[in-house]
Amino acid sequence: MSTGQRIGMLGTGLIADFYTNTLLAGRSRDSVTSVYSRSTERGKAFSERWGIAKYTTSLEEIVNDEDVDVVVVALPNDLHLEAITLAAEAGKPTLCTKPLARSGEEAKAILDVTRKHGVFTGYLEDLVYTPKTLKAMESVRAGAIGDVLWVRSRETHPGPHSAWFWDEGKAGGGAIVDLGCHCIEIIRTFVGKKVRPTDVFCWKDTLVHPITAEDNAVALVRFENGAVGQFEVSWTFRGGMDLRDEVAGTEGTIWLNHFLRTGFEMFSSGSSGGYVAEKAEADSGWLFPVGDEVAELGYVDMFADMFDSLERGAEPEETFFDGYVVNAIMDACFASSESGAWAPVNVEWPHPPAPRIQSAPEMHDGHAVIKREVLPDGRHKLIMKRSDTGEIVDMIVSG
Amino acid sequence: MSTGQRIGMLGTGLIADFYTNTLLAGRSRDSVTSVYSRSTERGKAFSERWGIAKYTTSLEEIVNDEDVDVVVVALPNDLHLEAITLAAEAGKPTLCTKPLARSGEEAKAILDVTRKHGVFTGYLEDLVYTPKTLKAMESVRAGAIGDVLWVRSRETHPGPHSAWFWDEGKAGGGAIVDLGCHCIEIIRTFVGKKVRPTDVFCWKDTLVHPITAEDNAVALVRFENGAVGQFEVSWTFRGGMDLRDEVAGTEGTIWLNHFLRTGFEMFSSGSSGGYVAEKAEADSGWLFPVGDEVAELGYVDMFADMFDSLERGAEPEETFFDGYVVNAIMDACFASSESGAWAPVNVEWPHPPAPRIQSAPEMHDGHAVIKREVLPDGRHKLIMKRSDTGEIVDMIVSG
Amino acid sequence: MSTGQRIGMLGTGLIADFYTNTLLAGRSRDSVTSVYSRSTERGKAFSERWGIAKYTTSLEEIVNDEDVDVVVVALPNDLHLEAITLAAEAGKPTLCTKPLARSGEEAKAILDVTRKHGVFTGYLEDLVYTPKTLKAMESVRAGAIGDVLWVRSRETHPGPHSAWFWDEGKAGGGAIVDLGCHCIEIIRTFVGKKVRPTDVFCWKDTLVHPITAEDNAVALVRFENGAVGQFEVSWTFRGGMDLRDEVAGTEGTIWLNHFLRTGFEMFSSGSSGGYVAEKAEADSGWLFPVGDEVAELGYVDMFADMFDSLERGAEPEETFFDGYVVNAIMDACFASSESGAWAPVNVEWPHPPAPRIQSAPEMHDGHAVIKREVLPDGRHKLIMKRSDTGEIVDMIVSG
Amino acid sequence: MSTGQRIGMLGTGLIADFYTNTLLAGRSRDSVTSVYSRSTERGKAFSERWGIAKYTTSLEEIVNDEDVDVVVVALPNDLHLEAITLAAEAGKPTLCTKPLARSGEEAKAILDVTRKHGVFTGYLEDLVYTPKTLKAMESVRAGAIGDVLWVRSRETHPGPHSAWFWDEGKAGGGAIVDLGCHCIEIIRTFVGKKVRPTDVFCWKDTLVHPITAEDNAVALVRFENGAVGQFEVSWTFRGGMDLRDEVAGTEGTIWLNHFLRTGFEMFSSGSSGGYVAEKAEADSGWLFPVGDEVAELGYVDMFADMFDSLERGAEPEETFFDGYVVNAIMDACFASSESGAWAPVNVEWPHPPAPRIQSAPEMHDGHAVIKREVLPDGRHKLIMKRSDTGEIVDMIVSG
């Protein structure tokens, strides 16, 4: 048993709190030994809140600290490149929050510098690590739903809690950047991460809020094997946080609901308050909490994979390469919504081409069977394409 | 109390059965007095199955029959124009199954001939008449969800039961024509039928079946007021028939599930069989029947609206004009999937322009409020856009 | 086609409104021709509200009215015996709301007088006529769940709308009388109406409201064939009206949800109001309306069965005999909660004894198989009771 | 950070596998250092399966092993007393699987011997530690549902996997002992563990299987404060494992679904197999897996509480006293089903009496308000009990 990892936390915002909370509870043998903030005050407050020995306003200091084994980047997007470059130069394993960068180009620069220094990288995309997603992926790999044809991922809620998310300049976009990055990686996970995304169509609009960034978007991502991903993101959804994934395969279907309908239903007259769940809109009436929010959102299993992979010298499920692909797909989303047409995904792709999904149709007397139905009397009805005439015909056969 | 309508049924296929079943059960005072089929044999069998006095192979005969008050067209799409023209010339109120025609152009010809003869028309789009949709529309009209921003309608199943649906030549398309026409009208109903659909983006593909028509499609429909509709159709879905609508408004959300999850759950070891539901894939394991299928799918309320409107000299909710708009939108779907870009909806539009959806943001000290959150201590956090600098900032105020 | 039934409505309360609403909409050829009320004012108001030609304060007058074909009793329980006696003497078909009477004895008197005069009777227990229940019963009859072992029926809500329900003297009880009568008949319907209920155990208490009647109760009803029914009723439930039935059979399971989770989900910020559903507790937050409330609660199919049966000279599903059995079971509930032990159901039972449910166990090599499980490798594990030693043992066999 | 606990595992059956799996994954710093089995062969196999250094057939040896910090008893019920006595004499903290014993008397002997030796005890009732239950209890403690009135807990499935469960002699009962023990402790957790259970009513029967033990049971548990618990257990349920809890309070409602409906839905044509979930009945059709089964069933949080409590010198949520109370309540279940009447719970109770739940009714003009309803026009309708006459009357007042 390893004695655990000592973490240098970069950032003191909400996501740094979430990460620290998970790190201390999760494997129960890791520790946060230092925290970096641009503000001494926030660094001090964070270190006291979580019982962390050191805090600093120097990136150089924290990434080179001997008591720091692993650097976790939980900073605003525009600071990722600088922080990761320093950590890579210090030779430290580095984990970075989502999205990796503000663009595919910037993500590529981040990827390159970590590769140059040969450091371990982990992309902190929690939602591909939810217990339901992990279990669903087991079923997909076991063939339970056949070939994956179509993946839809939705994340919608009434909008983020901090001002900078709403500022297109700082965030590099709106709901696509905030929420779409999750959906894209969920889609890639189910389609297969070695299957190249080729092009994207995206609609976006600002329907409600007095901002310039999009508060609603829908996009389609086409993959080289014919599979299609679809994501729906919104900052104007009413009713809490809707977090759902659906996978359609040739042999089956998977529906995952991570938040509003997970088997926990509560009605309260509202005589008392209390935290219900992230992005909940109300604390009375019918409420839909989740059991263990940090576990259900994937944080626990994500850090477990990161550290277990690091300790055994393997790559985790999510690396900076994945973050780079997500940024490239988001670039294509913005290009498409600009042009009103499909936009190509510009990404350096290391994997060989994946063949087109195809199922050899069942044949009957030399004709391709389109559909086979069981009739009430036990006989089967075949709808077939005649190989000679191309006509589509019915035929009843014994079962 | 009227003594009811006497119907001439054109067609003897599955949908004619569904209609006849509903007509006889529904208001319980209407009757089918004659049936037309191209085949004497099928006409005779149908008339015997339903206790109908007459059957004929002559369109002219049935539309001019004195015992026929209303003509119901349940024929394949390529026969609609001819049948409706004859019925209009006979001055008979005419109801037609969906889709109205094979193209917007053909639909326009149908619309024109009925207008020329001034006959009552009803477009038999059952799914906007489901009890849930009717009730949801009451809530929408009462303002319960504010302005409608986004409507998603899905119809997916493992594919139709008859050969001709799979034949692109006869059907004029695949899943879009079979299922998308429902979704489009559901979207229009929630967005507002006087709001002009302007353009469409559509992806379609043939992923599984050995056919030329699409077996999967996703489309976005943009409306002049900024609202967007989204439909998802598939003939490759596994698990039954998924029939769901979702409406997102500025003040609320509506989710309707018409089929697989309606509060009726059954597990059967499969020791006995029996009809479960339309397009069910199995008769053992967990099954999800609906209570009264014909009512839940809207047939009962659809015919009630048609005949009640006819009897009081009013237009029903769904007329041939609506069928024409649906065809025009489907034309745009095919154009867009060809071009890979948004395609305009070509439709003669009688209504005045609808203004862009917009909500005047809440103002605080002259700044636009982007979001207001209640903090645990009862104070409110405002995220605002400063009117002077354009900066987005936080401010805590008393509640 | 019959020209429909002309109804004399006795009563002007909420249930009379519900009935009249259904009667006018349902088959669309029936009519209410006269209304009786103890108060001229209420009778006049009701007749105007529904467009009814006559109103009267004389029971004799309405039951003998030549324009009244069928008498519907929607009066408080203590007036049923008198009204039904007069209607029976007038030779009129009579339908009565639930419960039939205040006790088994009074119900028996009602049953006897209608039998003496040979009139058609219908017991207006709507909840066995919900579309889901009718469909579920089809499956049960087709054998889809094998022998019915256990039926649970729940009706709970925050309490009735009218003062008299809360008055034990007038109502003859509390939640058991108001809600339990529904549950009991649902249980009988699934277990089989010819299977004799033998004894009852009941807990009841007044937990919240300042009343003497019970506001909560749970009861078990044992049947002669070994099946057991369980009902749960409450006037203190928070969250709306919970209306659920569950049936466990030897080969399957049925779960019906009639109200709070039927595939219709709505979130509203509450900026506008409007009727949501019977017994709904709120008009903002997450709301769960039903589509067509009158249909979903069974009123439509109930009156259709009543009139169709009457017209073809048959008995409806629910007669006064059923109302009598329900009263007898409720009597046993009160007796049991008094004694703290099982109480017998005192009822004159016309049907032959039903044998004990039993399934001959599968035999393997002369031993009874308790359970057969499929192992991952395809072999089967048998848990068996050795016929020689009585020991319970495992054995692995090929599949 | 502690270096973790070294566990001596007593038993090698399914539950020992579950525990070991959880212990190794959970806090990730605990270890199993030795395993006891009555059979050398099974002990060796288990030690190899889990990489455990030692195995033994001597209880004395394992409980006195210097490398064992904590003893976990995962043996059949009839071996608990002996094993725990030895562990207590060795002064080792001892955790025991459920149920604690075969009777209240035996449980009391176990409790006494551990108290005499002053050892830490933990009762391994996992289902009160599910993430949903923990979160729900937070809400209950925060007052979100007011006073708890009624708790229903259900566990039903098609029957256990091992022969000994079906053997009344070895197991000490059937479904009550196997499943009811879970339900009882869930009920106590929500009602309040310091509230004394006073008496029990229980129905049980053997409806399907060729065994002498009960395969179905329903029981009511009354508490001194008026609250009532209800449990439903079955070994004949078809459709998987139904694990649901419901809590009704004066101000709210909680519904928990731990297994069949947790937001994970999968349809598979069955072209491939694979493990779905504990007690699943099928591997094709609609399936309802859970994400992380061990976490969702409470094992992870249970062991975390046990070890964290041990390490900080506190009592865990579940001690042997709780196991003793559960056994006493199960004794009362058997007594009641024998007598057909309420049976008292015989338990030595250390806590002071809890007062009867009661809410002072809202008063209006000196009369107790039974119900307050908001009318569509904003006025309120009060149903009140007149303090002078005792009559129950309506009154409309401004809101």
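Lettered A, B, C and D in written order, each chain numbered from 1.
Definition applied: a contact is a pair of C-beta atoms (placed from the backbone, for glycine too) under 8 Å apart; a residue touches a chain by one contact, two chains touch by 3 or more.
Remember, predicted model here, so these are calculated numbers, not experimental data.
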> Any chains in contact with both subunit C and subunit D?
Replying inline: A, B
> Counting C-beta pairs in contact, which comes out ahead: B-C or A-C?
Replying inline: B-C
>> Please tell me the distance, in whole Å, between the geometric centres of subunit A and subunit C computed from their C-alpha atoms.
In response: 49
>> Distance between subunit B and subunit C based on Cα centroids, please, to the nearest Å.
In response: 36
> Using the touch rule from the top of the page, what residues of subunit B touch 2 or more other chains?
Replying inline: 145, 238-239, 251-253, 267-269, 273
> Which positions of subunit D touch subunit C when the two form their complex?
Replying inline: 145, 149-150, 152, 156, 158-159, 161-164, 166-167, 201, 203, 205, 207-211, 216, 218, 220, 222, 226, 228, 230, 232, 234, 236-239, 248-253, 273, 275, 339-342, 357, 359, 361, 368, 370-371, 373, 376, 381, 383, 385, 391-394
> For subunit D, which residues are in contact with subunit A within the complex?
Replying inline: 1, 4, 27-29, 31, 130-136, 138-139, 142-146, 251-258, 261-269, 271-274, 289-292, 295-296, 301
>> For the complex, give me every residue of subunit A touching subunit C.
In response: 238-240, 267-269, 281-282, 284-288
